[in-house]
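After this come two complexes, each holding chain A, first together with chain B and then together with chain C.
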Partner chain A sequence: MGSRGSHAARIPDADSIRRETGFSQASLLRLYHRFRALDRNKKGYLSRMDLQQIGALAVNPLGDRIIDSFFPDGNLRVDFPGFVRVLAHFRPVDDDDSSMRDPKEPEPLNSRMNKLRFAFQLYDLDRDGKISRHEMLQVLRLMVGVQVTEEQLESIADRTVQEADEDGDGAVSFLEFTKEMLWCPACIFSLGCAGVVCSQHMGVNCTEGFHLCFQ
Partner chain B sequence: RMPKLERLDEEDGDRSRRRPSRKQPPRAERVAGRRGAQPSQKERAEGSPRPGSPRRKQAEHQRLREDLGKPGRSSTKRTCEGRRKRDGRASLKEQRQRAPPKKEKEALRKETRKRPKKHRSPSLASSTSGGESLSEEELARILEQLEDKKKLIANMRNKPWPMAKKLRELREAQEFVEKYEGALGKGKGKRLYAYRMLVAKKWVKFKRDFDNFKTQCIPWEMKIKDIESHFGSSVASYFIFLRWMYGVNLVLFGLIFGLVIIPEVLMGVPYGSIPRKTVPRAEEEKAMDFSVLWDFEGYIKYSALFYGYYNNQRTIGWLRYRLPMAYFMVGVSVFGYSLMIVIRSMASNTQGSASEGENANFTFSFKMFTSWDYLIGNSETADNKYASITTSFKESIVDEQESNKEENIHLTRFLRVLANFLIICCLCGSGYLIYFVVKRSQEFSKMQNVSWYERNEVEIVMSLLGMFCPPLFETIATLENYHPRIGLKWQLGRIFALFLGNLYTFLLALMDDVHLKLSNEETIKNITHWTLFNYYNSSGWNESVPRPPLHPADVPRGSCWETAVGIEFMRLTVSDMLVTYITILLGDFLRACFVRFMNYCWCWDLEAGFPSYAEFDISGNVLGLIFNQGMIWMGSFYAPGLVGINVLRLLTSMYFQCWAVMSSNVPHERVFKASRSSNFYMGLLLLVLFLSLLPVAYTIMSLPPSFDCGPFSGKNRMYDVIQETIENDFPTFLGKIFAFLANPGLIIPAILLMFLAIYYLNSVSKSLSRANAQLRKKIQALREVEKSHKSVTGRTTGRDSEDTAQGTSQNATQLPLTKEGMTPHSASQTQTPDKKAEDPGTFGSASGTTLPASQGLSVARPTGFRPDSGHARPQTHPWRSASGKSAQRSPH
Partner chain C sequence: MEGAELAGKILSTWLTLVLGLILLPSAFGVSLGISEIYMKILVKTLEWATIRIEKGVPKESVLKNSASVGIIQRDESPMEKGLSGLRGRDFELSDVFYFSKKGLEAIVEDEVTQRFSSEELVSWNLLTRTNINFQYISLRLTMVWVLGVIVRYCVLLPLRVTLAFIGISLLVIGTTLVGQLPDGSLKNWLSELVHLTCCRICVRALSGTIHYHNKQYRPQKGGICVANHTSPIDVLILTTDGCYAMVGQVHGGLMGIIQRAMVKACPHVWFERSEMKDRHLVTKRLKEHIADKKKLPILIFPEGTCINNTSVMMFKKGSFEIGGTIHPVAIKYNPQFGDAFWNSSKYNMVSYLLRMMTSWAIVCDVWYMPPMSREEGEDAVQFANRVKSAIAVQGGLTELPWDGGLKRAKVKDTFKEEQQKNYSKMIVGNGSL
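Then we have the complex of A and B:
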């Protein structure tokens, strides 16, 4: 009966993680199992290789970017709290109106802004806070491959920048990105699916509503 | 594994007194943990309002962490060395631990207050379902909490709170009590509670599965998606149209078969009993030959598939089913249903297209940032998705190029006029050719022994025209240099005109034929009567025994023009289908095979050079489909079996064409997006429906039915059947009402009223759409203004940055901090309140509202955020020039 409780307790730092990310005990436990399943050599952390073995990420053109997001500062390994913290972005937005929340309290990881921020970082390769034309071209090449000529790719990138760019610096900043995405809730939803794959393949069942659901 | 083991031991020590039997295999443990949704006990425990508990909890935490710390901390340190966030987090922990208990309590209170709400989210709701896994300690705690809540509810009146707060607290407390009473085995009972949770979970799962199932039930959805991803939405639009058509035809099929053919087969007089249901003596010996059957003569002609087979008995069978009436009503309701469904789908298409358009601002951005579907997990689907993303980008590129194309207007105009002139010539020529052939065939039909070619000349010529004219038009249309989407519409219109001409020539010829037959009818009628009279009154028969009736096959009979018309339509439909399939097989598949396999041993590159692979001919196929449907509508009154044949045709054509497209066609060179509303197809269909309604209405209203075949034989006009039914089967006052309703004095005002209503609704919708367009323009203008304003300020700050290098550097030192605070990985952002305070506006303002006003976002931005904007400026390429370049350089 109580065996589960004790099992959950084996997760290091469980309480603080839960406080920070808002995961329930059960999901945290499941994530922990997934973490250990991915961790093939039982070394206590995940390396890039460990994440690359996930099938859905391998076929995803942005899979590398998603994996990168687990290794924020050029680290080569991610431990369990870091792993959970990334996945916490995929929890559905809490419906509490923000007036209820203490303004001093930090924004939860699954807030709309943080979700958008996460999606933004998938495109922001060099993490300078803006998506430049060059970065866009790289992503485009990943997405459409060789079937479109280079000039066409360039014109797509130019056009994208032109659409989103408001201050004329030739790049899409986070604010511009946010504004743009708010124009089209449906698009944001599809963007939101970025999370599902992570959570699904990292062991969180998608049925529990873990996605970057902005609506 | 080390920390885990330690933890285990620690747990053991802690709980051994409560649970003596802790020896369980770890495997079972894991399974249990996975399956059972774990209650968030700690969370709950934390939220306990008991004054003593937080501190105790705190202590426990500390102890745990220290235990853990020895082996664990070194690794933590290793991984996160130099990470400020980590430090921040650690410091926060300390802060929290040192925090005065009062503040702690406040926070906890808040958590408690929030919890019932949280439990609505599915993840947590599932976690509470595992009520039996609560440990005793937790149970006790919750019990205590429950008591508190109950006490609170009881004492609510006495609290010095404002009313709103009281109400809120009361509601929350009640919710809490209801939630946990069940879980604790009190109140309604633990079992019931668990059962309810189980049912709720299963229900959610069922709904999800059912949704999946519904998606899977859409026929050919995957096939069409597959085609769409490779060939673009324009080709897919044809297949969607085909599917829609199939659905409509299924309904028509059900109507006709259910209400006309099956009653006749089941309850009508059997075959061979009366003359109209018997093959005449002269045709009998050849009636089963394939060549005869293939022409829908012989036994097929005298079957329930055609008008002539039906008897004019008012009621048939023991059900006293009024077949002539049903026949008439079904004929009318086929048109009624088709009209209704076409118009309804047109209306729904318009609604869909109205809400689109507004995102035109960000086409490329959305494609870029949101096109990948992250749920894709297998590589084949991923390949399809790649193809579809590429296709959609290509579509957008074509659109862009087209909107930026500069052209010589005079030359274009001249070419367009020329092209139209050529095409009108073609149309006239083909019209005349058909007229000529039809005249000739009427002469042939009078002759006795005609060859196969002479008999089928009309069909052959029409099929040939249908095969060769569209490519000719397409070749001419390249002169015009339209955007492919507009080009497609022109092409559709022209081929439509061609087909329409063909159709109407065909109909006129048919009408001539009908009139000829009608004029002969009177003499045949006399002959029939005379024969029968002679037969019964002939001498040389024993007068005492009544003569057996004349064998039905021997009775002379009229030509039954209705069946003849039905047969014509049937033949046309079948030959059309065969020509389509043969064209696909020869023109697409064999060509593709040839190109593919002969390429190894040929002098030039077949794939890139002359024959190459075929493209899918959208316009031809769409129109073929539409006209075929027109045939069905026209013919189904005279040949009820036609719809059945058509259903088969559409079904085979769906599979056959899907296969042909995927196997032997290449995508269009300029893939273009189908216009959002497929209303153009629907408009054509509506036109064809109307046109095919005319001849049928004409024949029903103004031609007398044949005297010896069909359900209306013996009546002056076909619609007399309604009058008859009203007179005989309805009470008299209903008959009077009908007569009253048919009064022109009532009909004309009603029509006038309808016109007025149409006018009013039309003007309303126009004004609304105008307002919509204006609003859209306003938004666009607003954006432009904002954009230009921003770019101006950006430039000035770029200039300023050189002058005030000092100030910028100061800003720059702050910059990383601010950025740090915004990254999601930084634990500092979520943990340290002091850091958060540095940029309080950024998230608070933006996330609070669902659609943040642009000011809210832009205010939070530091002015010196972009010190490098001066450098970035020259990099921007205005789209116009770049796309112009690409338009010139692009290979096609």
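Then we have the complex of A and C:
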């Protein structure tokens, strides 16, 4: 009771989460409230169904894949630290990361590499480190639904894998994936996020756009 | 004995005060100005509290000015722009970025769930329930808060409960008595008087201050009145300024008693639960009601559920298929003095009423709007959307296309198919295979 409203104490391990993810105190608090709001039965963790009940997520063609990224390794539950860890990938890139960072510290979750890893695992369904043609087809199918024929989809998948595949093994490894991504001709001037994204590319071929502006 | 006598004296003085200062003026629709003075003092105190908080708190912790600011700044560009569809493009591996970003945005904050939690306030209004982000500031502020608690729970609450009790009993007794009379203009006049008096008493029971705008557009007989829904109190607020015929399900318990009593005095439309499922039956009965020009206008809330008063959600088309003139009404509550939103999954009716009665006051604006009818070539859905926009604009609320029932049910697949269609058009439709 009283006018004491600071609830950081209620978030377990708030300090270590903050260090690991880089969220500000205020953002963390709001995400905690969001976590609690999604956890309808007050279990203390989120299940797949809690996320599936979000309307805008259920209509997202990649909704299931996104939900999968919260439950790695066959887990059935995600607690608050796990929840925030996934969201931390979407913090804007810190521009001073490469030169001034202490190399002994683990890479921040919102670095370009980690963002690309996140995108990679949306494709790599079996988590074997390679995107096979079959996996590519499956993700494509999710994005287009029933609107495109099997032949058209196969030719798109074949073309994409061929373009990206350098060592000829018929699959796209993470390294090959990053080479496709990091090349962004308009992005030579790397812009930090102050609500400004790479104005020419707005999210394509450019991890600058792969972030949410947490305020 | 002494104690009992004393208690008896206090009770009787209390009741006479209540009678004199509140009940009689309500019956005649006259205001003594006590609530205005109360509101002025309240506003001054809250302003003082806000200034204290702003002085005491470092800059970053103060919430931004827009009360419904979200956790993230959303990128609302449509799919074509988000995927850089300026040229006819093929599938790129990075397309997945767009969808995952949209998906994560929805996880962090989605429009629908947001509308079902109470609006966040920019400055604290000395109620613990709105105290999410504020920290301890000063002793004086805490003292004022404690004083506030005492005033609210020990002075206002008993007064309000008494009033509510009196109001409801008067309503039941009054309408039953009036119901005994034969049909005629006297009966109608008396029933109006009873309804209005009891509603005014109940509004005082909540310390409600209501401003009515554009009274010339008040709904007329034989029309349908349509409003946005925030809480069960909406009904009270509208009926204080005019009599309506209500539509709803028959309940049991106290609500059922009130319903049965009210229907004796003037014709409301109550349905059994089984009848509600039959849409044709419902439409037929409502049509019959408005066809009779002498009957009171029907009051309907087309959203179907309580929304938190920052937005207007999809209007169900059923009410707009009946025909007749629609009189839209916009209701906007001022959350500074008390949050009227009923979060039915969080609070049941009794705890909701208790929260209402221990808030400072319920302040709201009601705008009556010019009547609208369905135009040629417009179907019910388009008409519903037109009315919805008008209400949203008038009340200063945002407009959402989503169905309020989404908080309970799963969303339809058609929305997903639409997105898939858009995307397919981009990567295949441009013939760039």
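Everything below uses one rule, namely that the second predicted complex is superposed on the first by the 177 of 215 C-alpha atoms of A that agree within 3 Å, B and C clash if a C-alpha of one lies under 4 Å from a C-alpha of the other, contacts with A are read in each partner's own complex, and residues count from 1 in each chain.
Here is the rule we go by: a contact is a pair of C-beta atoms (placed from the backbone, for glycine too) under 8 Å apart; a residue touches a chain by one contact, two chains touch by 3 or more.
Just so it is clear, the model here is predicted, and its values are computed rather than measured.
Output check: A:Val148 vs chain B and chain C. Expected answer is one of first, second, both, neither. What do you get?
A:Val148 contacts both chain B and chain C.
Per the contact definition in the header, classify A:Asn114: touching chain B only (first), chain C only (second), both, or neither.
Touch status of A:Asn114: first partner only.
Just to be sure I read the superposition right, which of the two partners does A:Gln53 touch: chain B = first, chain C = second, or both, or neither?
Second partner only, chain C.
Mind working out whether A:Leu87 is in touch with chain B, chain C, both or neither, as first, second, both or neither?
second
If you stack the two complexes on chain A, which partner ends up touching A:Arg34: first (chain B), second (chain C), both, or neither?
second
Find the residues of chain A that appear in the contact set with chain B and again in the contact set with chain C.
1-7, 26-27, 29-30, 33, 55-56, 59-62, 118-119, 123, 139-140, 143-145, 147-148, 152, 155-156, 159-160, 164, 172, 177, 180-181, 195, 197, 201, 207, 209-210
What part of chain A is in contact with chain B in the complex they form?
Per the stated touch rule, the residues are 1-16, 18, 20, 24-27, 29-30, 33, 42, 44-45, 55-56, 59-62, 69, 72-73, 75, 77, 79, 82, 85-86, 89, 91-92, 94-96, 98-100, 102-109, 111-114, 117-119, 121, 123, 129, 132-133, 136, 139-140, 143-145, 147-149, 151-152, 154-156, 158-175, 177-184, 187-188, 190-191, 193-197, 200-201, 207-210.
Provide the residue numbers of chain C that touch chain A in the complex, in ascending order.
Those residues of chain C that touch chain A are 60-61, 64, 69-73, 75, 77, 81-84, 90-113, 117, 124, 128, 131-137, 141-142, 145, 402, 406, 410-411, 413, 415-421, 423-425, 427-428, 433.
Considering only the defined contacts, which chain A positions touch chain C in the complex?
Against chain C, the touching part of chain A is residues 1-7, 26-27, 29-31, 33-34, 37-38, 51-63, 65-66, 87, 90, 118-119, 122-123, 139-140, 143-148, 152, 155-156, 159-160, 164, 172, 177, 180-181, 195, 197, 201-207, 209-215.
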